[in-house]
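Presented sequentially are two complexes of subunit A, the first with subunit B as partner and the second with subunit C.
== the complex of A and B ==
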């Protein structure tokens, strides 16, 4: 390297190059900065599945999944309100680890919902999942879905699977509801933010940290890994209440139009996986349908309490109360029209 | 004691050459601060520009190439800067592709560091400096990636801000550029000084 200095620091050529470089840098920085801007949460239309001013919650008991699904949707009043919004729907399942139903949403359940959507006139349904990253060969976004057989079964069944990278910042948009007590935004997946119809397909499980997982908590999987890690690292045992609040905000950022819970079996005593004393309770044989995710969790918590002596409703009272206060739905089942049928 | 320490740190970051009559002249060689900031800025810019072209592969490739380009430019060898950038881009792209199907695409960072070390070594006069840079660049680059990621995530954790946390990998790229370039400046300063002059520090 030369130690000699030039007599002129910047000649004309250098000035032009420096200017061009500065301009390019400024444009790139501006464009990058725009990706960090915070938007309002998506404006979802009001719950279309209501009766006499109350949100409708349909519980179907039976053995035949397709018959239960059809009966449930008919009791809900049909899917026309969704078909009027768009002809495409985006599904969200619960895929937290490579363990089969009821730890994760069963592929046959997704296909049964997709068949009913198609029957109602929706031309395209897809499943979005963000449970991996392309940074690592061992946890590619498709890895878990492939191991569970979800990828193959859904693809063969005509439901495309959108397996996205949970670390890629470009996949997510920052949203915030001014009503949240936490000033920081949430990075929700861009596809969920932009989709006109989102349908949640939760399972009913206990959770070691927040006691219960169903329609609200499952949206931990709808936000960027950065958000999940921040909450887990700040509230590692779930006692500070941050996780209970934040999971509601994650659900608020998604606001699905319809929740269809697969409670043919549930995971009791512990979760969200099969370890730590968790027990699969088979033969529950129910599916629950509602446009109100708070009502869904309130009802499914009662279902859990019936099958798990270590669970009580107080365990999820804070998250239901917070969700109701934010207007996500009704936590008091007296304010919900519950329809129970057999199929 | 404190003033002496500060002076020592100051001399390390903004070195001055002491001439025979005892007067100080500005050091015209590799300023640690300038090189570190250039590495940080170029790699960050490369990462951001790469993001407009796709996901991890273009980001990594552009950040590594931009660091190589910065190294050449600050060595006042624009042609070598271009060649180094292209070479680093090609090799790191191959490393990302291999890494995606074998362990992790993060393997591209030490590989890019090695290429920058080999290309950048030509800018040094003394063999010990060349060898030191070839060895140090991949190590410092890898250390920079890890330290940068950790620094950003811990900052995000402190601020409880997902916007900062979402840039964890950008922090890794910045750490790479910063440590590789700072390493080049330090090696040039301490291992590449001429025997006769006794160095410029």
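== the complex of A and C ==
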């Protein structure tokens, strides 16, 4: 192993190849932008997990993940409403950097959800992630998932991992909801747009610029890297409100049927990763299940406030209000049927 | 206009994906006292930092980020990661440390340098460097090897300590 700068991942030949790849990507993106039509956001059926006209939100406290998952799904009324839609489900986790749970979705959590899906009669579950590109050897789409052990554990557990290129224009489709105050469409991953069942598997974290990340914000990873970068570059300090709005639009473009949050531990004080003063809070020992991602964030924000003195609910009020206004769910927990159980 | 924007972003992204393997001031594990090198060193510039952290990079960039050096070390069953953020000036490193440290967890770690020390993570600032030494398992228990690694890396960094113990 060399310590010198001679050991650059990209030598001259690699740089030339990358340059050619970049030009090809730019050319493809130009062609893509010229020919692509903007579609409506996916048409998702109404939230099937409700009680007395209110969205149902189940909180399970315990220490045995599988028992918690089983009890939570039973309290939700079972997964039959999903099984009637399709026999395949697509999972989305939070894989923002190569740091393990609670920064990223734990592989054992994905497998626990997959086991319950299979038990409910779904024949296939897969995990989609777009955190790399084939244009660079250093950040191949599988790189982060492999380092985290997600790739091997899920593959061995019978859950295929679909690691896709965040720069490949063919992977994404432009969608737009006319209710968005921003006219520009969003390039959401084609598989998410077309999947009959999407299940989000968020973690609960603070976020340096938008204060909080759970069910809504995690869909930054569901759109093309160009969309992510444009928002970051135009709202680099998070003060303009663009990111708070756009993260809601990204979630609207995905509209998962079910959100299952792993809050056995949470990341407090800062985030979305370690290193910047974030603090892992172990022993929270909860999972949260709901078809309403706004209600999930409203509840999980309260959970964060209990464990992080630097956080308050006003910090995410703008994104919850915007999401509720767009019809993504209920921000007021008085309008949600919250069921808390132990397993 | 949209297609121009998409092409421009794709082009700049693709050209910026030059993650390198420079170690900077981070030595081999052997030089740090019996640690084993895990993987090759990595380094990231402002243009590539988002490939290391897809979210949160702005925190460093806005404080005058220059280069991030990353190395992974092991001892026994434990795995550690060292992140060394080289900033454009001393004040940038100091500001990041100030906003990241835990005041009730500060202790003298090496050479009269204060560091924020929790069971799985050490934070410190010295010269233009903001240092993070972390157990790769964020739920691990306290480790003597983590302290030793942090002390040995901090001792090797040039420049004055950003914060020293009060006398």
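Remarks
Just so it is clear, the second predicted complex is superposed on the first by the 308 of 343 C-alpha atoms of A that agree within 3 Å, B and C clash if a C-alpha of one lies under 4 Å from a C-alpha of the other, contacts with A are read in each partner's own complex, and residues count from 1 in each chain.
Quick note on the criterion: a contact is a pair of C-beta atoms (placed from the backbone, for glycine too) under 8 Å apart; a residue touches a chain by one contact, two chains touch by 3 or more.
Note that the structure is a prediction, hence the values are computed from the model and not measured.
Contacts of A:313 after superposition on the shared chain: neither subunit B nor subunit C is touched.
When the shared chain is aligned, subunit C comes close enough to touch A:271, but subunit B does not.
More residues of subunit A are in touch with C than with the other of subunit B and subunit C. When the shared chain is aligned, no partner comes close enough to touch A:179: not subunit B, not subunit C.
After overlaying the two complexes on the shared chain, residue contacts for A:165 are found with subunit B alone; subunit C is out of touch. Applying the stated contact rule after C-alpha superposition, one finds that A:209 touches subunit C and leaves subunit B untouched. By the document's definition of touching, of the two partners only subunit C reaches A:220; subunit B does not. By the touch criterion stated above, A:134 is placed in contact with subunit B alone, subunit C being left untouched. In the superposed model, A:234 lies in contact with subunit B only, and not with subunit C. Looking at subunit A, you'll find residues 1-5, 25, 28-29, 32, 135-136, 138, 167, 169, 184-185, 187, 226, 229-230 touch subunit B in one structure and subunit C in the other. Of all residues in subunit B, only 28-30, 41, 45, 48-49, 51-52, 55-56, 75-76, 99-106, 123-125, 153, 156-157, 160-163, 165-169, 188, 192, 200 touch subunit A in the complex they form. Contact residues on subunit A toward subunit C in their complex (touch as defined above): 1-5, 7-10, 15, 18-19, 21-23, 25-30, 32-34, 96-97, 99-103, 131-133, 135-136, 138-139, 167, 169, 184-185, 187, 207-209, 213, 220-221, 225-226, 228-230, 232, 236-238, 265, 270-277, 279-280, 282. The residues of subunit A lying in touch with subunit B in their complex are 1-5, 24-25, 28-29, 31-32, 36, 38, 134-138, 165, 167-170, 172, 174, 182, 184-187, 223-224, 226-227, 229-230, 233-234.
On the side of subunit C, the complex with subunit A involves touching residues 2-11, 13-15, 17-23, 26-28, 37, 40-42, 50-62, 83, 96, 99-102, 118, 120-121, 123, 132, 134, 136-139.
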